[in-house]
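Common to both upcoming complexes is chain A, partnered first by chain B, then by chain C.
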Partner chain A sequence: MTLTEPNIAATAKVTTLDARALKCPMPIVKTAQAIKTIASGELLEVLATDPGATADFAAWSRSTGNELVEQTIVDGVYRFVLRRK
Partner chain B sequence: MVDPAEEPISLVLFSGTEDRLTAAAVLTAGAAALGRPVHIFLQYWALDAFRANRINERRPLSPEAGPEGTAAVEQMRAAGQQPWVETLRMAKDIGEVDIQACSLSMDLLQLSADQLDPIVDGVEGVAAFYVNAGGGQVVFI
Partner chain C sequence: MTAPVVEPETVVEQETGVEHDLLGFLEAAVSEAPVEATQTRVAPEPAAETDTKQLVIINWSGELDKIWPTLIMSNAAAAMGYKTSVFITFWGLLPFVKDQKRIVGENWMQKMLALMQRPGISHRKLSKMNFLGMGPWMIGQLSKKYNVAQPPELLEAAQAMGVEFIPCQMTMEMFGLKREDMIDGLGEPAGAAAVLELMTQPNTASLFI
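Up next, the complex of A and B:
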């Protein structure tokens, strides 16, 4: 699955946050900042390379109620798509 | 009942070594990103690190760091890891982070409130610290 898949891309505006090379906890901190800049229902795509990212984004999504719509890993880069609640 | 996701986390910062301050700043930023309130209580050598004229200084590492650990920390710093105080500032920016100086440690170090960096929100005693901690976890660093 990729972000360009029509059912995702067509439904809402997507903002991208490049958090590659950032170390824990910065990907989550930057995500918490970025999610506030988009409207409810819009999507935030985050790219990260921190090895804890999979666990962290799942936990962050559960805890904050912002839905983790999609997650993939391509060439060592994690890609998360979150929908602001 | 408080939603566990919103329970406060209270950190007692005792050590003024750079590695422990960095670890504390990371824990604080993570909690703030989750929307959990964080209370920080500064005691002893940690409080010393929050003096306005020292907060940007490099601090020694814990003894167990040794030469190998020291080199690893230097490498991470060279790779662009920001200083612990910047991580704390970021945490305050995104969440609810309250930083209080322990009044006993203020006496010990003969400090007045105006000598502390403005990142410190105030001075309190141990009773106020516990009341603010409520039913949340308390971590000693």
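Up next, the complex of A and C:
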């Protein structure tokens, strides 16, 4: 697991999904729904507090082909940036 | 503080010893009753592309601690883009009966079975530590405290994401369940062969819960 500094690429439109306080499996369920609302190439930023989210988002990204561009944790809040394929 | 998953009134329905004796007797009676051979009507379509991943769950149990993981796994699978099918059979049909239906069936045995195991997604018991409804109530309180999604919410999300819930034609008839007793949005009732066809597709995970 690589944690990088927050650094949203200013190259694409970013939509934010607040999945904080949600527990498994709702963060990826909400993410799967939200990713459909953005266009291909756009970014979806997801905020989550479920510690299981780290493994789940990596698996979700590999399985769906939507790239996990960035992954950070700040004060117990996980932040995932995904690019819609 | 919100309402618990299992209403305290369900406590009245449970007298464990009596229930087991009666259940044994009724199950024996039901198994002797002639059950008409049924045909699979419309077989659910197997995934078109062989590289599409699939999850197939046979949801056999109507208990809270079984329907919950069934719904969590099917939601996760649908979110990951898997074609997801849940075959609901035997007690597993009961969570998919409309919540407001207290008694279903045509004859006294079917009605008794429904009375002893109240149908509906919000009226599930635990397979262990049920303690006259205290167990499910405490699980309900804890899951709300820790913000875990409840079965009704998970069921709604699963249906919205296209999880197909396929009722078992044969057990629906045995329990006297009609389509109008069941919640909306279920798939066409099917049989064992249709489910086996789904389970033997490539890239398919199958679970019996």
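Side notes on the structure shown:
The criterion applied here is as follows: the second predicted complex is superposed on the first by the 76 of 85 C-alpha atoms of A that agree within 3 Å, B and C clash if a C-alpha of one lies under 4 Å from a C-alpha of the other, contacts with A are read in each partner's own complex, and residues count from 1 in each chain.
The working rule: a contact is a pair of C-beta atoms (placed from the backbone, for glycine too) under 8 Å apart; a residue touches a chain by one contact, two chains touch by 3 or more.
Remember, predicted model here, so these are calculated numbers, not experimental data.
Legend: residue contacts after superposition of the two complexes on their common chain; A:63 is shown touching both chain B and chain C. Overlap of the chain B and chain C interfaces on chain A comprises residues 23-26, 28-29, 31-33, 59-60, 63-64. Contact residues of chain A toward chain C in the complex are 21-26, 28-29, 31-33, 56, 59-60, 63-64. Those residues of chain A whose C-beta lies close enough to touch chain B in the complex are 23-26, 28-29, 31-33, 59-60, 63-64. Put simply, chain B touches chain A in their complex at residues 5, 26, 29-30, 32-35, 76, 81, 87, 90-91, 93-95. Of all the residues in chain C, the ones that touch chain A in their complex are 53, 72-73, 75-76, 78-82, 146-149, 157, 160-161.
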